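As structure tokens, here come the structures.
In the two complexes below, chain A is the common chain; its partner is chain B in one and chain C in the other.
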Partner chain A sequence: MSMTGSVPGTDNRGIRELGAEEKVGWDQVQQGVVLPSFEGDAADIAHQKAEERHYADFNSYTATVASWRVLKPVYNRDICIDCQNCWVWCPDTSIISRDKQMLGIDYDHCKGCGVCVEVCPTNPKSLLMFNEAEENEEALSEWPQKEKKAK
Partner chain B sequence: MAKEFELNEVEVWDGNYAASQALRQAQIDVVAAYPITPSTPIVEGYGAYVANGYVDGEFVMVESEHAAMSGCVGAAAAGGRVATATSSQGFALMTEVLYQASGMRLPIVLTVVNRALASPLNVRGDHSDMYLGRDSGWIQIDAFNAQEAYDLPLCAFRIGEHLDVRLPVMVHQDGFTTSHKAQNVYPLKDDVAYKFVGDYVPVDEMLDFTRPVTHGAQTEEDWHYEHKAKQHKAIMDSKTVIDEVFEDFKKLTGREYKRVETYMMEDAEVALVLLGSSVETAVLAAKQLREEEGIKVGVVAPRCFRPFPYDLVREALDVPTLKAVCCLDKSSPGGAMGALFNEVSAAAYTTSSRPMITNYIYGLGGRDFAMDEAKRIMKEQKAHADAGHITTNIQQFSGLRGPKLGFYETRRS
Partner chain C sequence: MAITSIKNLKEFSTSNDRFEGAHLLCPGCAHSMIVRELMNCTDDNLVIGSNTGCLEVSTAVYPYTSWDTSWIHIGFENAATAVTGAEAMHKARKRKGTLKDPDAPVKFVAFGGDGSTFDIGFQWLSGAMERGHDFTYICLDNENYANTGGQRSSATPIGATTSTAQAGTHSYGKKEKKKDIVSIMAAHGAPYVAQLAPNKWKSMAKGFQKALETEGPCFINTVSACTTEWKFDPKDTIHITDLATDSLMFPIYEIIDGHELNILYRPKNVLKVEDYLGAQGRYRHLFKPENKHVIEQIQSDIDKNWEMLQRREEARI
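Our next item is the complex of A and B:
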């Protein structure tokens, strides 16, 4: 089941559990385990938004591949300055941003590495790691205050 | 545009130079290589062709054989014609990536100059590196002399790149005995050779930006098995294409290759089965023994080590007169009967003639295998035939100093 739905622009993401694809016989598998990324001509793919692309069945874009995450980043919109640092550094394209505005985290692909928290420059940070089981609302209510500068 | 290399109708080339000329004529897009004895001159020769303008493609020097084959995998996945060369320890270091290449169905050509594997360290020729590749999913073709070391790489590109095959191909030759022995070689002219090999047809190439693809995906228990089965079927079925390509090559050059070469098997009572440069020794010994002592000896030589020519080996050994066969393995089996013995025995077991079969380990680390020893082994097979049962150990060692070494006796009387 998708964990992403609430973040705009991720409607088609993470709809399948990994391994839920149709199982075909040896005679029908793709030669050399070559997996096409998109359906049809993809020459213009770089100019399309992710939600506009026709991803192929085996593209992990449409699968939820984050079940082994233990700690998750939680995003605090009230503090974020939309600097895009986390978007640049995320190794799994799991920071969702549109028109240079940070929208949230794609929990179907985020593995919980914490790089986004590390590179966040605000005070306090706009992204912090919390236990996977903790509700995001609860996490936001516990957010730390701005640290005073040492004199 | 690559310059044409002027060639005489007949050249004096060793096996290494012959192989490097064949690679040049195929106009490869990428050669990634790390030279090693005794295949060094293949890489060296190819490097000189690149430097002197006889090749348009890229020549990539890398830091190891693992990197060489990895470079080949990347370039082949990108969509280019790719080849390299190696031997022995280099082959061993490539092994991990050999399995990647075949599983990814990339038609790379690897010219292997067979050499012993350490320890003890040894640069001379035996078949332990060739045997190491036998479950790797590569087609393995064996050249017995310099002419074949030129001809077979040209065939290898055609076979591996065929759309019904798309598998990597090794062309083997024996270290030093073939690779460093100068012989008469009849090359094709550059344009004729290239026309035979043909233009490369990429499949699922990564440089096709209209259709991005992922190569080298991970699969677990739900997909891996089906992919391996499909790959196995491809190499089993490749025999049809191999036969076709050999037939086309014969039409072009008059030189005939078969997946299993047979010599004087029509009326043979005893036979040797072996690989590599020793085949020519055995054929000459068999001819002489027929003349000298009237023993009807034949020789069977699998040209194609993989796919193992089960059909043609069985055909070759299903001779009503055939009583005793000896399979010679030039690789230490490390606690088993020799691989050639095991595979040939399994094929012969389903024939009606079902000859007695014994195994010799020979030639390890480049130990010479000469006419006298070949004849001695042939005569020993004749003794089995006359006695009606195997009179020696089933596995023995040829040309070994010290007390006689052998294992197992027959239970057939």
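Our next item is the complex of A and C:
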């Protein structure tokens, strides 16, 4: 991610240093700010998938909150039935669904709340929370077996 | 209006999200579930205004914005005013022929929290409803001023502890009842007023589409479970909302033209309100023996309200 000159004081990771911007007097402060979400024409955004859009650096899509996570959801394609429960209830737009299929998790925007795991209806669940430090392959290898329903 | 198909979740999921991640709402916040659902249920251009509140401060932290549509924030109370102003200007420019694309469908939506809807922005909202603009106002009701540290609002239910109505040896928390905002808005004669919950995604999406399609001022109160101030685990947002709708603490219903009431969700097994209260830290003190009477009062209020809703639905007046 790269920042344009309009956002001052960013390092090469694109993270802005607080207080690095030039100070101005009270009478020079701009009243109100307009942040464009996209580069160029954005008239048909509702019909464009995320990968087809031209996000501006101001769009929070270009930022990450991955550092908020302690636990991360891991997705198991083999069990998933594409019900899209996780998609509709994800508060962070982090479930990537295309053409009625669940593709995976957007780890840049996921905060690890665990809602997707709770609403997953399969048995065993096709999404489970694992330690952030654990590799996904390792997590998939220790996936639990089908639980018998207590009658 | 270009409607996204909401026949089932698979079809709904083909909608392209216009509310981006990396906003700074708490993990598990229901605000963004509701906002995402509104923006996904239509293809039309949206002009959105937000009152000050959690949603506004978390989705527009300079230099970032999470909104892929036109979005404005001005003050704590006046999203309704700003959005109706934009709507009036759009109408005027359409009449004068100065719009670049006059046929492009545009919907006007205002978001407010319960603080800005029930208390601070109430007068502005009431004015906008009375003027009859073509817009939809959505209240994200988390029952307190969560953005500033959980102060009581007039949406806080009786018995909940908040930072300004604390439970302790001399108090059981807030002593006043919650304002019935849905009835107040229906009394404005609004063409569509509803109370919806994110756990029932289909009735919520249908309600949103109805409100966007309806010409005139529409009001929707949505239940937004607050993991921080209601004090429950972030993963349980949907579970808590389930308890809220199944215990009838938040009945889901709509009122059309100020009189025709339809109940949109009838729980198969109505839960006792203890199940809902016991799942949240803010009601923990009510389970002490000296506070049992508050739970009884809440339960009797819920029963009376449900009876009233059912009889109003039957009466069709």
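Definition applied: the second predicted complex is superposed on the first by the 117 of 151 C-alpha atoms of A that agree within 3 Å, B and C clash if a C-alpha of one lies under 4 Å from a C-alpha of the other, contacts with A are read in each partner's own complex, and residues count from 1 in each chain.
FYI, contacts are C-beta pairs under 8 Å (C-beta built on N, C-alpha and C of every residue); 3 or more make two chains touch, one makes a residue touch a chain.
Model, not experiment: these values are computed from the prediction.
Once the two complexes are laid over each other on the shared chain, residue contacts for A:Thr64 go to chain C alone; chain B is not touched.
Chain A is touched at more residues by one of its partners, and among chain B and chain C that partner is C. When both complexes are overlaid on chain A, the residue A:Val33 reaches chain B and chain C alike. Of the two partner chains placed by superposition, only chain C is touched by A:Cys83; chain B is not. Of the two partner chains, neither chain B nor chain C is touched by A:Leu103.
Once the two complexes are laid over each other on the shared chain, residue contacts for A:Leu127 go to neither chain B nor chain C. Look at A:Ser94: by the touch rule set out above, it reaches chain C but stays clear of chain B. In the superposition on chain A, A:Val119 makes contact with chain C only, not with chain B. Once chain A of one complex is fitted onto chain A of the other, the partner contacts of A:Ala42 extend to both chain B and chain C.
Residue overlap on chain A between the chain B contacts of one complex and the chain C contacts of the other covers 33, 35, 37-38, 42-43, 45, 58. Across the complex, chain A is touched by residues 2, 9-14, 16-25, 27-33, 36-37, 42-45, 59-60, 62-69, 101, 104, 198, 201, 227, 233-239 of chain C.
By the touch criterion stated above, chain A contacts chain B in their complex at residues 19, 23-27, 29, 31-38, 41-43, 45, 58. Chain contact summary for the complex, chain B toward chain A: residues 103-106, 166, 203-204, 209-217, 219-220, 222-223, 225-227, 229-230, 233-234.
The touching residues of chain A, counted against chain C in their complex, run 6-7, 16, 33, 35, 37-38, 42-43, 45-50, 53, 57-65, 68, 82-85, 87-94, 97, 99-100, 106, 108-115, 117-119.
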